[in-house]
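Going in written order, the chains are labelled A, B and C, and every chain counts its residues from 1.
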Amino acid sequence: MWQTFGFEFVNFYFIPGLVVGCIYALGAIGITLTFGILRFANFAHGEVMMIGAYFTWTVMTLVKNGLGFPIHPLVAAVPAIALAISLFIFVDRYFYKPFRSAPTIRVVMASFGMMLVIRSFVQSVWGPNQLTFVPGIARPNETVKSFTNSFDMMILMPNKHFWIIAGTFVIMLALSWLLTKTKIGKGMRAVSDSPELAKVSGIDVEIIIRATWIVGGFCAVAAGVFLVMDLQMLETTMGFRMLLPMFAAAILGGIGRPFGAVVGGLVIGLAEELSVYPWLGNGPLLSPGYKTGVAFAIMIVMLVLRPSGLFKGRLF
Amino acid sequence: MSSLPTLEINDLFAGYGETEILKSINISVEPAQTVAIIGPNGAGKSTVIKSVLGLVNVRGGKINLNGQDIIGIAPDEAIRQGISYVPQTHNVFPNLSVLENLEMGAWTRKTGIKERIDEMFTLFPDLQVKKSKIAGSLSGGQRQMVAMAKALMVDSKIMLLDEPTAGLSPKYQSEIFQTIKKINGSGIPILLVEQNAKQALEIADKGFVLVDGANKVQGTGKELLEDSNVARMFLGSKD
Amino acid sequence: MDILIGYSLYGISLLTVGGIYAILALGLNIQWGYAGLFNAGIAGFAAVGAYTFALLSTAPNPYHYGGLGLPLPFAILSAMVLSGCIAFLIGLVCIRLRSDYLAIATIGIAEIIKLFLKNENDLTNGPRGINKIPRPWEHLSEERFYTSAPMSWISDSAGWDSFFDQLPNWWWQPFFCGTILVLVYIIYRLLETAQRSPWGRMMTAIRENEGAAHAAGKHVTRRRIEAFVIGAMVMGLAGAMLSQHLKLIDPTNTFDPSKMTFLVWVMLVAGGSGNNKGAIFGAFLVWVIWSASEIFINSGLHLFGELVSNMDISLLKTRAGYLRMVVIGLLLQYILQKYPDGIIPESRPTSKGN
């Protein structure tokens, strides 16, 4: 069973799907929080994810050239996250805040514009060519390999996949603690539920908005760094390519539902990878070129059948 | 009674955008009083409350809270000043638990949150049992209780209630009025906007009848209940 | 003289592409300006129009299906119809929801269209794209056209050959440009008429009050879908015209979502949404700024390169191109904040001031 079916399925489809799902999940958290709390679809979200990864690359390169030793991307991500969050807050202050009381669609358009501004900015500073954190082939972790092999269920899992799955899990735990145990987190959920009531409850909505950018920015940069670790390449269009699956995940989980977004992200990541598994016959079920279409299809089906998402999110 | 009213509204003009809704309104709430505002639909009853909170454009007149001018105050500042406000609809956070709703009501409060929550559970014993239930899953009447408890989490100087019994069954309606009486009994003055004029006037010390954004009649609750004009306008047709 | 012709031809080509963008902006104006529908997939609808036109009108070739060599007007009409059909399907799903959802879905559909064009090699020739797309007027000098009716009635192939030989090779440019401008004018007139009709007035009412419009129910949804479909058809037309202008289209570079969709938005927002004249004005203005800034930056860089002892400026050139995008993007933000109604606001008696 394992030899004929399991080995290939788990190692080449399921684990990669899980990894992609984790990345989508982290990205979708920010989308769903912004959509729920600030009530608009932030198209620049993917770009912040992308620029965060570029900041990380820059920190890694600077340390390597300046101090002479390489550092792990997750270490370099720390200052990069701070930078990306500052950028998020800066963009909010000067490009989104002027539209707080205007019709929503204006700020959607502003975010659409910021999407291109940020991307073009990165292209002009870092150039349009692909970069990478760590070149070379990622070998499977030997411990995991020999350990699982002793059960005759050999799992080939490179370290990068371990970091991504574990990192996502830790961030989830932290997020869950933040949202259910802290005042600011409960306030975020309250504003997401009803901004009008939040205002007349004395909740300082601007502080909540800032917290939203911080949480969303943190998760977005984490997702961006994980994505670059996974693909081992960094390019300026990666944010835009992530946009659709992230929105699909947010809608699937229900807008304003961070844990819905996590479930949505995992479902879409797995669905994308499993859609190319040879379920029928020998060839992939769906041509790999159409992987991106899976997220879109799931989103459309959701919008038709249940636009409020699996976990009954807000509907606008 | 002290000479200074808790809330004093003088010659108030207010509205949304360019439409004028309130034309010279005069209302005062003395300490520890329950005051009811009644009147037909569109008379501007809720607008009075919203002017106090700074939710509508005030164009003229005075609003004093304990002698202090509060016109143009931001809503969150109004709450910080000790105004407990219960909107008519959407007055709880449906996806937060009862306890979390109370905590959100205490956002501006620095100390004594736990004690205040305990006080609320004594005032609303039903809520203690349901404290970890999601507010959206409660019945309409219980949700109204959560809304009131949540609003009272501040150090209330006055409580503003916007049609608290709208859409509730008669059983819950009287329960809400009993609770309002109880809250007022603890010394908190109440300004109440109601469609249900009869029951509102029964618990009110003072009543104001608004028509077309202006004061029409005023008097004690008892006087208004016995006033034949008021009775014809609001009380007879209802039941 | 040659220089004069050169400049005129440059001007004509500016007008041509500006006109195509004006058609796109008019299409967007129906969706956004009239009905408040946010279409973030303009490039997708244009691509559908361009490919439909290209596949139907090009001569048969061995690399892919299509190349049916059908008459140009038929191919243009088909381009519009197919683009409209796709808009109809998307509209059915998303139009009841708020505009954000439509924006996401249209980004999605544009992406799917791109995937399709890239992957269906047999039909679309994949990433290599389609070339030799016939261009109106110029196509008359192609052998397959002048050897068939109705041109073959007038003269035989040798006659046409010598006739086209004596024309300068740019003879078709003013005609093509004129065709585009006439199309812009016709669409403009049609839209103006539509805006003043009961249909147009209802659209305005719907846009002004989305909430109340939703409450009013089905009728509104239908009107909005109509606006979305008509807008997409106009975009399909623009796509067809663009493919004629370019003669060679491919899925990634021609229909770069950032450039095309974004430029059209900047044009409409700058010109004043809801206002057809504004849309046209915005399209030409932004296109001229866009093209002029390219020339300006490049010649500036050339000068810089020569000053700094023959420095290689090719890298700077690509980066400057991106920087130009940043500037245009910031320009959009500026207009959005300072002129929320555009440089030429919608001229319509309003009750509320601001």
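Everything that follows uses one rule, which is that contacts are C-beta pairs under 8 Å (C-beta built on N, C-alpha and C of every residue); 3 or more make two chains touch, one makes a residue touch a chain.
Source: prediction; values computed, not measured.
Visitor: Could you say which chain's mean Cα position falls nearest to the mean Cα position of the entire protein shown?
Guide: Closest chain centre to the overall C-alpha centroid: A.
Visitor: Where's the contact count highest, between which chains?
Guide: Max contact pairs: A-C.
Visitor: Need the CA-centroid distance for the pair subunit B / subunit C, whole Å please.
Guide: 57
Visitor: Which integer distance in Å separates the CA centroid of subunit A from that of subunit B?
Guide: 44
Visitor: Just curious, how far off is subunit C from subunit A if you go by their C-alpha centres, in Å?
Guide: 33
Visitor: Enumerate the residues of subunit B that touch no fewer than two other chains.
Guide: Where subunit B is concerned, no single residue meets two or more other chains.
Visitor: Using the touch rule from the top, collect the residues of subunit A that touch subunit B in their complex.
Guide: The contact residues of subunit A facing subunit B are 183, 186-187, 189-190, 192-194, 196-205.
Visitor: Applying the document's contact rule, which stretches of subunit B touch subunit A when the two form their complex?
Guide: Touch residues, subunit B against subunit A: 53, 55, 75-76, 79-80, 85, 87, 90-96, 100, 103-105, 107-108, 150-151, 154.
Visitor: Of all residues in subunit C, which touch subunit A in the complex?
Guide: Going by the criterion above, the answer is residues 36, 38, 40, 93-94, 97-101, 103-105, 107-109, 111-112, 115, 118-119, 257-258, 262, 265, 269, 315, 318-320, 322-326, 329-330, 332-333, 336-337, 340.
Visitor: Given the complex with subunit C, which residues does subunit A contribute to the contact?
Guide: Residue list for subunit A touching subunit C: 35, 40-41, 43, 95, 98-99, 102, 104-106, 108-110, 112-117, 119-121, 123-125, 127-128, 240, 243-244, 247-248, 251, 287, 289-290, 292-293, 295-296, 299-300, 303-304, 307, 315-316.
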